[in-house]
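Each chain gets a letter, A, B, C and D, in the order it is written, and its residues are counted from 1.
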Amino acid sequence: MPQYQEKATVVRVERFSAENIRLTFDCPDIALAAQPGQFVMIRTGTGKDPLLRRPFSIHQTTSDSLIQVYFKVVGRGTEILAQLKKDQQISIFGPLGNGFRIAETTPACLVGGGLGIAPMLFLAKRISQLKKDCANDLIILGGRVRTEVEPLMADFAQFGFRVAAATDDGSFGRHGFVTEVFSSHDLPERCTVYCCGPEPMMAAMSVLCRKRHFPCQVSVESVMACGMGACLGCSRPTRDGSYAHVCLDGPVFDAEEMIWNI
Amino acid sequence: MEYLKDQAPIPDLRVSIGSLTLANPVMTASGTFGYAREFEELMDLRRLGAIIVKGISLSPRAGNQPPRIVETACGMLNAIGLQNVGVERFIEEKMGYLGNLKVPIIVNILGESLDEYRQITEKLSASEAIAAIEINISCPNVTKGGVAFGTDPAMAAAVTRAVKERSGVPVIVKLSPNVTDITVIARAVEDAGADAVSLINTLIGMAINLKKRRPQLANIIGGLSGPAIKPVALRMVYQVARAVSVPVIGIGGITTAEDALEFMLAGATAVQVGTANFVNPRASEEVVTGISEYVLAEKLPSVREIIGALEVC
Amino acid sequence: MEYLKDQAPIPDLRVSIGSLTLANPVMTASGTFGYAREFEELMDLRRLGAIIVKGISLSPRAGNQPPRIVETACGMLNAIGLQNVGVERFIEEKMGYLGNLKVPIIVNILGESLDEYRQITEKLSASEAIAAIEINISCPNVTKGGVAFGTDPAMAAAVTRAVKERSGVPVIVKLSPNVTDITVIARAVEDAGADAVSLINTLIGMAINLKKRRPQLANIIGGLSGPAIKPVALRMVYQVARAVSVPVIGIGGITTAEDALEFMLAGATAVQVGTANFVNPRASEEVVTGISEYVLAEKLPSVREIIGALEVC
Amino acid sequence: MPQYQEKATVVRVERFSAENIRLTFDCPDIALAAQPGQFVMIRTGTGKDPLLRRPFSIHQTTSDSLIQVYFKVVGRGTEILAQLKKDQQISIFGPLGNGFRIAETTPACLVGGGLGIAPMLFLAKRISQLKKDCANDLIILGGRVRTEVEPLMADFAQFGFRVAAATDDGSFGRHGFVTEVFSSHDLPERCTVYCCGPEPMMAAMSVLCRKRHFPCQVSVESVMACGMGACLGCSRPTRDGSYAHVCLDGPVFDAEEMIWNI
């Protein structure tokens, strides 16, 4: 699969809150090759500190040449990205990793928690393109507070999926966790679940899916230096007793392969 | 070593490591370039002076528990745990591709005992596509209570001899910087027959997560690399280049051609690009380009002119 | 050491170095804080746990030729050459002011022979305003062919004994990181009577000016300090804290309270702020404030709770 | 002498060329205490690399609360400063060092070469305030090219000094060095010379002044870590065989004390 290192130009900055930001970059090669569930490595500056690139899911491609990332400020790198302004340039490397394997013939349930919402938009869009009708398909978005979910509802609404929301503090949608929303919905048989979010949430989802014999794909994280298989730093222990490398073998895995950090 | 004038390329970037002549002084540092194929989409592998692959052990190694890496100020710590496919699968699965690249392939080897180093060397001798062997002596010698081979002149010399006896290709010994006097180790391996020394391997470091009150690495300690260690690496290369007569290969925080040229001024015949490959997958190729431009701009007959050319009044 | 509950300050930041109790664990690192007076306009000196002054030798030293410093990635190299006014002028000109500060004054001493260390100690014993002595053993022993005292356990122990015999105040031995196994040196000086060890001193490094093809420092090599060396310092503090029973004082790249707390988790009883003083003259005071806020926020009975509290399953 | 560490706000950015830039900062404490010839240490960023502050002469104070620095982009730190925009904040530390000792009773000759022009504006302003009439006083400004000198002429013209200029390439003022301009002018007896510029220029000026028995003050540079006497890194060998520390004993010295790096 092709990978590109591009000088990307910021074409749009959307601040959903002080912490939650969406950036739109012009990087044609990456946009054209990107698949739902893949990620990019972004260099936060041009200097030597912070040294390493930071991994971010591809939130969506909004044209043949634009990609979006939706991120939260958690440290130095994301702080720097949060200060980016329109027309500034930055080095982006990707698309990387193996994305979601879309089951076209079965109903889909997309579950995104917190920043795990990020890759779900691209996935929903692609599914809606592959299927003529998504009325049987469900999207569940969860977050701690309103600002983590509400700003994205409109984008998710456009594909004809049923969309449900939940927040930990009840400030938007159902008061509680996405898992509760998931359990409360009567989903069709042979539903395929696509999930991304905090480890405890993905762990819980994988248990629920196992019970109902739903195949469940999860997008997981790990610390990364290179994002492309060179450093072997992104390993995660798997059920078979070996290590998987998130950047190469993932970031999307079958939930059954995973050992959760909880 | 004779460089034939009539067939000299322009610019002349050739350097020699023992009997091996490289088209240019730029190699990729072991463990930072995978098995090279990972980079084929991102750069022109054929422009490299040599490719050094991830360290190979006798049998496959799973590596350490995660987290294996953490970023530090202008650097990073890694505790990969020498994960690799083992010498047999390496030859079967990787050498085919590497052998066709027409770039000298240098295999970095590691072992926990002299015997392991011997056996790996023998197995590698089978494959004639290998241009040289680089010995990682920063590993613990389990038969000697886990003291790293690289911290003791006698052990370092023993490993060098063990490999050298069985190798048909030049042997490079990669030195550990975690020693009181690196020139002592360098001289010991030179006397033991090393065709060249490369330095530095990572400095041993540690990082702590204050919130969790835990080490950032599952392995607690790890190897520090990147721009942060460049001053220590430059100093050691400068010292070793004065202490031995075999070629010295400079490693440590090299990100640009300027960095590489500084190492050569300090006495390095060649250099390795490591951590920089993670930040910029094209880094090693850009270092080649930059050195080439420098040699042309300075109108040097060859890049070899600047090896050890540092002026210290 | 007993800390009296009834007279415990809130938050309780007291720590002890031998018989010396500090109001908080934050000191200024020798050579990075001048003779303290330089900072009086810029911060409240009285908030420091202790002040360590520029290294003092028997006779005044002019120091090295410039350039003496150069910036590196997240760090700096210095080759000041231990410039100082000498022990006599230090006592006459500096101790008067320092003595009135009501902050423990720790004098960092350096010598080129055991005898020099002895004489400095005797001269310092005269002034009772001195709370402790910190021995810089990273200096070359000219009587032993210039090998640094700090790189040899026997020499390090000898210096410690020489000073300890003549000192009425606690003796801290400041360890050099440029050794194969720093725990060996740490144990040697502990056995020789050191009341505490402080580490790390600077890593030996070098920088080159490519344009001029010359070293950046007139002295060619210098000492690397700053955030770049923090991972190496943390690792060594962690190792030494497990190897000795005397208090360990952590030094290396400490810029914030978080950095200081990480060193304490690794086993440091106290810390020293060095290069950070140059970037932010208030750095040491801000570290005190930050530690105080942390102890309050975490509701710790005292800062001593976190010494060595790192969880390594 | 008082020293302050202030969060200074950029109130004005003047780009005389891609390389030559003048910044105006709001830092009241420093502005109020500043003397001609003193300098400030500016932190170029908030991160750890570049680590050290950079020293810059105080170009002038333009009110009780504003100071200016006039600098040239030569490396990483100045590159970062060159990108500063209005209203951004940055840490400035100063005022530092010993400035010019102004001889009020004797005619003054100010000689600035290249970036050595920077401290001369503040000095000229102060002299003009101390003396009622500066008709006998001379300012000589030199640079490599027009853009290094011309943009500052107007500022220097306002104090009633005679102002002469020279450029190496003749693109502005006299074709040649400031030393030639100095020699060609017939200066009054007992003239005091204040000089800042490249070492060869200051070396040449000190020779000319010695010949004519003019006291000559020079503002010199050295690499600096702290700027306030803590690191002892800024030493310069002096004629008496010892070292002077530029940040404490200088940056202004009697030319006779100096040993020049040429």
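The definition used in the following text is that a contact is a pair of C-beta atoms (placed from the backbone, for glycine too) under 8 Å apart; a residue touches a chain by one contact, two chains touch by 3 or more.
Since we're looking at a predicted model, the values are computed, not measured.
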Spell out the chains that contact chain C while also contacting chain D.
-> A, B
Pair with more cross-chain C-beta pairs in contact, given A-C and A-B | A-B
In whole angstrom, what separates the CA-based centres of chain A and chain C?
-> 48
Please compute the C-alpha centroid of chain A, do the same for chain D, then give the distance between them in whole Å.
-> 55
Between chain B and chain C, the Cα-mean centres are separated in Å by 35
Please list all residues of chain A that touch 2 or more other chains.
-> 48-50
Name the residues of chain C that each touch 2 or more other chains.
-> 73-75, 226-227
Given which chains touch which, is the overall layout a line, a ring, a star, complete, or other?
-> complete
Of chain C, residues touching chain D in the complex | 31-34, 38-39, 41-42, 54, 62-63, 65-71, 73-76, 78, 80, 83, 226-227, 255, 275, 277-282
Chain B to chain D touching residues, read off their complex | 73-74
Within the complex, which stretch of chain A touches chain D?
-> 47-50, 76
Mind listing the chain D positions that touch chain B in their complex?
-> 48-49
Interface with chain C, chain D side, in the complex: residues 2-3, 5, 43, 48-53, 91, 93, 222-226, 228-237, 242-243
